[in-house]
Amino acid sequence: MTVSRVVELEGHIIDSGMMQACFGIVMDLGGAFDVEEFSVGRSKTEESYCRMTVSADSEATLRSIVHELHQHGANPTDPKDAELTPAPGDREVPEGFYSTTNHPTEIRFEGEWLAVERIEMDCAVVVHPGDDSSNDGSWAETKVLNAVEAGDLVVTGETGIRVHPPERPRERRAFGFMQGGVSAERPSESTIARIASELQEVKDEGGKVLVVTGPAVIHTGAREALAELVREGYVDMLSAGNGFAVHDIERDRYGTSLGMDTETLDHPRKGHKHHIYTISEVIRAGGIRAAVDEGLVGSGVMYECVENDVDYVLAGSIRDDGPLPDTITDAIEAQNALREQAHEADMVMMLSTLLHSVAVGNCLPSTTRVVCVDINPATVTQLLDRGSAQAVGMVTDVGTFLPTLADYVLTRS
Amino acid sequence: MTVSRVVELEGHIIDSGMMQACFGIVMDLGGAFDVEEFSVGRSKTEESYCRMTVSADSEATLRSIVHELHQHGANPTDPKDAELTPAPGDREVPEGFYSTTNHPTEIRFEGEWLAVERIEMDCAVVVHPGDDSSNDGSWAETKVLNAVEAGDLVVTGETGIRVHPPERPRERRAFGFMQGGVSAERPSESTIARIASELQEVKDEGGKVLVVTGPAVIHTGAREALAELVREGYVDMLSAGNGFAVHDIERDRYGTSLGMDTETLDHPRKGHKHHIYTISEVIRAGGIRAAVDEGLVGSGVMYECVENDVDYVLAGSIRDDGPLPDTITDAIEAQNALREQAHEADMVMMLSTLLHSVAVGNCLPSTTRVVCVDINPATVTQLLDRGSAQAVGMVTDVGTFLPTLADYVLTRS
Amino acid sequence: MTVSRVVELEGHIIDSGMMQACFGIVMDLGGAFDVEEFSVGRSKTEESYCRMTVSADSEATLRSIVHELHQHGANPTDPKDAELTPAPGDREVPEGFYSTTNHPTEIRFEGEWLAVERIEMDCAVVVHPGDDSSNDGSWAETKVLNAVEAGDLVVTGETGIRVHPPERPRERRAFGFMQGGVSAERPSESTIARIASELQEVKDEGGKVLVVTGPAVIHTGAREALAELVREGYVDMLSAGNGFAVHDIERDRYGTSLGMDTETLDHPRKGHKHHIYTISEVIRAGGIRAAVDEGLVGSGVMYECVENDVDYVLAGSIRDDGPLPDTITDAIEAQNALREQAHEADMVMMLSTLLHSVAVGNCLPSTTRVVCVDINPATVTQLLDRGSAQAVGMVTDVGTFLPTLADYVLTRS
Amino acid sequence: MTVSRVVELEGHIIDSGMMQACFGIVMDLGGAFDVEEFSVGRSKTEESYCRMTVSADSEATLRSIVHELHQHGANPTDPKDAELTPAPGDREVPEGFYSTTNHPTEIRFEGEWLAVERIEMDCAVVVHPGDDSSNDGSWAETKVLNAVEAGDLVVTGETGIRVHPPERPRERRAFGFMQGGVSAERPSESTIARIASELQEVKDEGGKVLVVTGPAVIHTGAREALAELVREGYVDMLSAGNGFAVHDIERDRYGTSLGMDTETLDHPRKGHKHHIYTISEVIRAGGIRAAVDEGLVGSGVMYECVENDVDYVLAGSIRDDGPLPDTITDAIEAQNALREQAHEADMVMMLSTLLHSVAVGNCLPSTTRVVCVDINPATVTQLLDRGSAQAVGMVTDVGTFLPTLADYVLTRS
């Protein structure tokens, strides 16, 4: 028995790799294709169009082929409305629910395509019908599994869903300029200069910048550079863990980070206790803002965040000492706080932290600009390998990266 | 002004490096020493003894020298009772509180030395006085900062505290055999054989084994080997994250891990959704145990834990999908659960997870045997760099390590 | 001024990524394209065809576009003979010489296409005309720069050259199964099983296997497994450095590798001198073969190579101790020896050595099967990033990889 | 049967770890010790002294204990002359020859101690007796195995040899300040500032600086910074490979390095051929100096070396393209050239190259100051793990390191 279905692709489907991906999917999954129409964009501004019949020897195979195809931007020619199934309970998605990609997505509801709001991968899509006589006011959004409520109309199956993977930009842009894999052997200063002008551009356009940062920023002595970027308005939101804030404040209180003086490189003995003393002091003060207000903390990244009303989220983890009163210890609550930041951000800079960067990256649509900096190439590879359209990865030392970036942004521009 | 204090060291203080460390501390911190008595163990079983006067030009310098010295096992000759200060509030330690090392520690209370229970680094020490007429029943324990309660008698200052860093074993033992830094260029099979016999020895002595594991164990196809070790009684406790359990059950339900078939190496398209489907199925079932009872899950590590009553802790994190109902989402609660496991363990095997290993490692006294396996040498270095006396680090592929270990333990022994 | 040229592509040009690459090249280099004919293969066995006019605003730009296009398989529709220029001197190539890719290449000479022999990247192509009245007996080959001789007819310019980048296999094959980047988080045993059956297949077909190996094979205790594969006929050629042979023989003579006993894990003091003693003993014997013949060496990889007439090349380097008399100390001579091995090999296994693997990889056509094993993901990435069509990379511990591979090949198959 | 021998140690034997090491050796090798005299330095400037009888149950065991002890600075109390045996042939050392450490060493010859010249590890020691009636003019030097000539008087056995491992500096110095292992999480700018002042100090004292560099310096865009340091006289000698010189000149000729424009980050198509064109151009010119003289090369590191008479050694390897006429293709000849540089250097900076750094490091005495910079922590660990007394390792990006270093040295000082 052979079953088949007609799908179509349009746009810059060749140079974006969509055609290649789709042909590969069909072959890998054991199906066959028969191209019925193919008109290629004759120039770089013209779009191409392809319509083909995909066939397989079982309905199950065909369904998984079509599922994959449409995740890569090929859509059935005979659109039907998406299938909606009420969630059976809180945090319970119906069987066969559609799990999102991080690409812009539309849902067909009562004959019209609704753009899904707050797009993010591995979520359910919930449709909120509008007024009953029309679908004016109907809208759709993503929900993570634990946010689904009983009765939510969840999209199930494969029909009535359109996904728009990012196309290759027609012109070369600053972002996305790192082609060909992650490597430490790239021009460092020139890349930083590029990131600096991109950062400037985002700010000039009124965009919001989210910095996701790990404690290595403090240990490597880049704290002052980051504090300066916060103070000068280049950072709108900050995501970090308890340890980042602790070492940042430890540096203010004791001149050390993880017990090492980041200027003299001395290891004052007893220094390894400084972070614990710091935590107990901030706890006694009642939190970071209170510690700043009391004059207990007078410099650093957290200080500048407080002074400049930069929204910060400190997400707790099981390896935390303390933690500080500001640290959100519940993982779901913390993830939701990160999610809000991620959805507001126009540009995200991930600095030497795998855990927080993965957490934030999970919430990002593929259209957000991402800069990822780490000294471990495997970390950069893992973070960039999430289908972001506009991403720059840099294998470098954050301890020299941030001072150089601050220099380009604040002095040389 | 010169101030001074007399300290003494005893034991195998030369070959354990204690003398060297202590002389170095005095010099580094700008003090001077005057050795008054030094009797060296004339043979490898005899202990040595050193008494010296340490001097510095300020009381503050002297205090920090003495603080460091006693953390390395040098103790004042004129012991006084430890100073105790009531905690001013819940989660508030008094100023100047003593922050622990991970070495066995004693506190002098009413003229007698109390061994501190549940030793763990970066904690406060709380003394519980016994009956008021004697100190019968007096005892001392560590408390992490967030567990301190108002009124707890917390040790402050430097007096009346004795620390016992681990000595170099007199005979060569299996553990601690990896000298000279972490390297991938070590004999792999022979090292695994050694770990296998150590594991066997711990079990033969009735000891408890805690496995701390990351999802790489599943992705690399080592799941069956670990499941077998659980089934055969070599694992008493398991610490992992939400992702580990998800991928373990995904493998059972869909044959994949992170979407890849770990046997055929196929990437069934749609496979990248399997983990989300898995999560929603376990949520619907009400948890892992319920899913096993329902017959939804019939193999794997989590299955064997349920079937063999192996205590497991799944600690949540901000990057989790779902999470599963079993996952403890509050970091403090999760850390306390790990702490219980850590204090019960006689041997800890850390398998390809940095976050959970650091969390567990933080709770371990320096006397617990630790095996740490990761493919990233920096991870192994970081985990072993915590002063454990009996530790083996191995830079290897957990996907071949576990099958080989299981083979040695279950077949070849 | 606009200049233009017509090029055509044929084959599985979509799913192999050729179309995508070519469109990208034109856009990146500032040209424009106008697709004149495009017939897409209607099914997975049908080939596609595309003819397009490429235009640019200068002859120089157009030339570099066309140069790039044809390196990706797009060829001018109006083939002319290649331009040939005599080399002005020994080791001197004429200006504008054509530098090869590692893909199968043809040169148009007197109206006919000659397949270039001994294809290898970054070489000149030298045409040897046959009999003067016809081009019977004409042939073409690659020459590295230092092998070019005065008067050699070297291909210059861009015309008359056809390159055939590898196409995506129509069916899934064992090789090339690692898609999506290099990662340690892949199923280890299943991958090794796949490599084992591939190795078996090559041998069954009478193919030749070249093992390129570093000293880590000895240090990690995998020596016996590799020796067994040599003895059982699975290795036809071996490439290594002086250090590999030294440590292999050190193990035989002293039971150690780099001074560590690879079985007991002891570090016999004085062990760090064993390699120097080993070298001096082999020098005294007159070489490895002589040492085997004398009975000085009775086991190990080099021993099995000698006993089983496996061709080995020991290439010298500046970090060598000794070196052994067998080591080729001149880099050009050593490279030529490797080149012979590379061109004869049907399958190459690169085991934990970057230097030798790069050297051999430089000499390989893109059609040779390659297996690359290293514990450092950056090494695997670098080695696979050379355009091989049939390559498997594995981030694992060679000390467990080789015993497991030998087990699959010799026992389980 | 018990055999024994008396040895003594003197100096700062406790805080340098010598006592600890020696006690450990005796225990590890199954011997026993009996301390007869031990006087400990009563203050940090006083030296200590220890005399002990070491015993073992066989002469062989005792010998290997004593061998190890004296490599760690413990010397027999009853010094005898060293045993000298003539080398039986060229490149043939006599059996039982003494193989050197990299520490300062003395040989007892005719009752007097001769300092061994050109100390370097894994060498033979050859004594050149002076005038026959006295030993005026007698001297000793190291020879690598392949430099030994028939008849050379080679030191054999264990007697009459004194080794002086480096002691812990009495005061804290810039160098050697990185204690506690290699880590990327160290203060980057402060460490660079320290290295800058150390470099300045060496130059102020008239010392010689050897830079050992890999091509990553060019790829990461740090070429101009290094060229400037050469031009300003901070580099006296340069060691590199063929590839470094090729990419440095490629940047001059084509604006690219490995085909990427290090300023604009463009990948001019055809760029991947630039290095081959560069090589052929330099070959045509007859070498680098000729290319500079002809005006073919007008900037960069090699250009500055030529213009400023900085001695450079380009050591060939099997992965070289070309090579350039300047490249020494014979490994022994190249190693000897490196050896001359190494022995002349007062400070060595190893920049992002493992092969050349190991080669140079092999030739260095333990007293030379070493700075090692690499982005891979395993490389830094491996390079520092060679017993250098005065070494700084830094895990950072050489592309930001060198500009920052040049800034500190040339501008901020």
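Going by the order they are written in, the chains are A, B, C and D; count residues from 1 in each one.
Please note the rule applied: a contact is a pair of C-beta atoms (placed from the backbone, for glycine too) under 8 Å apart; a residue touches a chain by one contact, two chains touch by 3 or more.
Here's who's who by UniProt: A, B, C, D = Ornithine cyclodeaminase.
Quantities reported herein were computed from a predicted structural model and do not represent experimental measurements.
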| item | value |
| --- | --- |
| Far-end chain from chain A, centres as C-alpha averages | D |
| Chain D against chain A, contact positions shared by both copies (same if over half, else different) | same |
| Inter-chain centre distance, chain B versus chain D - centres from mean C-alpha coordinates, in Å | 38 |
| Geometric centre distance via CA averages, chain C-chain B, whole Å | 46 |
| Length of the line joining the C-alpha centres of chain A and chain B, rounded to whole Å | 33 |
| Per-residue multi-chain contacts in chain A, two or more chains | 28, 180, 184, 267, 376, 378 |
| List of chain C residues in touch with chain A within their complex | 14-17, 19-20, 23-24, 26-28, 32-35, 38, 40-44, 50, 168, 170, 172, 180-181, 183-184, 377-378, 381, 385 |
| Partner chain A, residues of chain B touching it in the complex | 25, 28-29, 64-65, 67-68, 88, 91-93, 97, 99, 122, 144-146, 267-270, 273, 275-277, 279-280, 283-284, 315-323, 327, 329-332, 334-335, 338, 355-356, 358-359, 362, 376, 378 |
| Residues of chain A defined as touching chain D within the complex | 177-180, 184-192, 194, 215-216, 219-222, 257-258, 260, 262-265, 267, 375-376, 395-397, 399-401, 403-404 |
